[in-house]
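Labels for the chains are A, B, C and D, by order of writing; each one numbers its residues from 1.
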Amino acid sequence: MMFEIVTYMILFAMLLALISAIIGQSVYDKILAVNIFGTITVLFIALFGFLTERPEFLDIALVYALINFITTIAILKFFEYGDMGRSSHINDQADI
Amino acid sequence: MSDRIKYLHITGLIISQAVLWLLLSGHYTPLLLGLGSISIILVTIISLRMNLIVYHQPEIGLQILNFIPYGFWLLVEILKSNIDVCKRILNPSLPINPSLITIKASQRSELATVAFANSITLTPGTIAIDVNGNMIEVHSLADVGIEGLETDEMNKRVKQAEIE
Amino acid sequence: MSLINIISYLLIFTGALAIIVGLLGVFRMPDFFTRLHAASVIDTMGTMLVLVGLMLYSGFNLVTVKLLLILIFILITAPAAAHALAKSALHGGVKPVLGKEEQ
Amino acid sequence: MEHHLVLRVVARLLIPLIMLFALYVQFHGDYGPGGGFQAGVIFSTAFILYGLIYGVDKLRDVIHPDVVRSLAAFGLLLYAGVGLAGILSGGEFLNYSVLAIDPVSGQHLGILLIEAGVGITVASTMVILFYAFASP
């Protein structure tokens, strides 16, 4: 009971994040919305693990946080340069 | 660049990995501990191949013991500015005054500079947009954020946490 | 229900409220950079309160350590992602709206 | 375009953590959600992050595409080899109990090797996919 109200609130927040991803004007707005969605999903998975009393879900939450970060970087790089493996021109320092 | 610093860095990497493995695992059987040591050796070898350890500057960069009080101070700052930003969002007239300013970062190592830039971003109301050498360009939501940065307190605190 | 459970529940509830307030800010703010400020409320206040609340609820064991690990991980990666977004938006031609007159 | 200091330093801190976490998932498949497939994907994300931040050329210096391809084949061979070893020792395909004198330790060994094969193949395939997308 305790966790259910909060879980519904988080689900509602995920819905809002999806809406903002759909109505976002520039591509950066959409990436930001997807990033927010990912962060909320991490919290949702952690809460869901406690709701169903299976704390092993925390491993999945950690993986989701990791994938969320890498997704943001990959999409940004793809939209900026059109390919993901672009190397830097300055000696050993890369920009995304 | 001496060998001593190099081995110090590698030892630090191995010790932190061992602590992480023991905290994650939770099962301390000989088989899993053996597999854990194999994993640590493998990760260390790949990290060395990737040149992830930088020798030409203090790798640890931030003294852990000095960094803990800084963390608590940062936590309080984060909470204060969070409440401020939440009030601004909930205010019907949306009292914001966005501005761009450039501030100076006086840390020596890259790690400490990044810790400073990330602290700025982590405090809602200010975002580090660009890091150019010692200058950090900051986008601020309201005047409160600029006033907080111009007292230079965060910069000094990160500098204090740095290893001399 | 013990006191510590009530405290943890209040923390989690406040965290969920903070997330919704942050999303409201994302909808209300006039341009991209100000939206980033609203999003960082979610990344810091939301995650911190929810995960600290769960830590208090679970007591002290390896689950707590994992929650702490998730919190540290998010607190390292979220500002890096926000910084990368802001930087590439600035270099990609998004002009920040400055001054009091929004829109 | 100047270098991206923040991402470079953050990636340097995160990559060893990610690889160690992947190996933790690999070896704790019997206690929680995990196993070879998930571990392989997480392990490969460390390499993909490195390739994204430092450029694909630096990733080629770390691990050559030919090596990755051989590793993908090696993982599959390991899987099939354990299966065939079951047949050769008088059981069915993928029957682990006959791999050692004691059935329980045979099962442990078999699962460990099979999961290692799956993990190696999945991680290599993900890195191959990244190479395919990243080359201009």
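Observations on the structure shown:
We adopt the following convention: a contact is a pair of C-beta atoms (placed from the backbone, for glycine too) under 8 Å apart; a residue touches a chain by one contact, two chains touch by 3 or more.
Since the model is a prediction, treat every value here as computed from it, not as a measurement.
Looking at A-D and B-D side by side, the one with more C-beta contacts is A-D. Averaging Cα coordinates per chain places chain A and chain D 24 Å apart.
Averaged C-alpha coordinates give centres for chain B and chain D that are 30 Å from one another. Between chain A and chain B the centroid-to-centroid distance comes to 20 Å (mean Cα coordinates, whole Å). Averaged Cα coordinates give chain B a centre that lies 17 Å from the centre of chain C. Touching two or more other chains at once are residues 59, 62, 66, 69, 73, 96 of chain A. Looking at chain D, residues 1-2, 4, 6-8, 10, 14, 17, 21, 31 sit in touch with two or more other chains.
Across the assembly, chain B contributes residues 24, 26, 117-118, 128 that each touch 2 or more other chains. If you sketch which chains touch which, the pattern fits none of the simple shapes: not an open path, not a single ring, not a star, and not all-to-all. Pairwise, the chains that make contact are A-C, A-D, B-C, B-D, C-D. Residues 13, 17, 20-21, 24-27, 31-32, 35-36, 39-40, 42-44, 46-47, 49-50, 52, 54, 110-111, 113-114, 117-118, 128, 131-132 of chain B are the ones touching chain D in the complex. On chain C, the positions that touch chain D within their shared complex are 73, 76-77, 80, 83-84, 87, 91. Contact residues on chain C toward chain B in their complex (touch as defined above): 18, 21-22, 24-25, 28-31, 33-34, 36-38, 40-41, 43-45, 48, 62, 65-66, 69, 75-76, 78-80, 82-83, 86-87, 90, 96-100, 102.
Chain B makes touch with chain C in their complex at residues 23-24, 26, 78-79, 82, 85-86, 89-90, 94, 96-100, 117-119, 121-125, 127-130, 139, 141.
Of all the residues in chain D, the ones that touch chain A in their complex are 1-4, 7-8, 14, 18, 21, 25, 31-34, 38, 42, 45, 48-49, 51-59, 130-131, 133-136.
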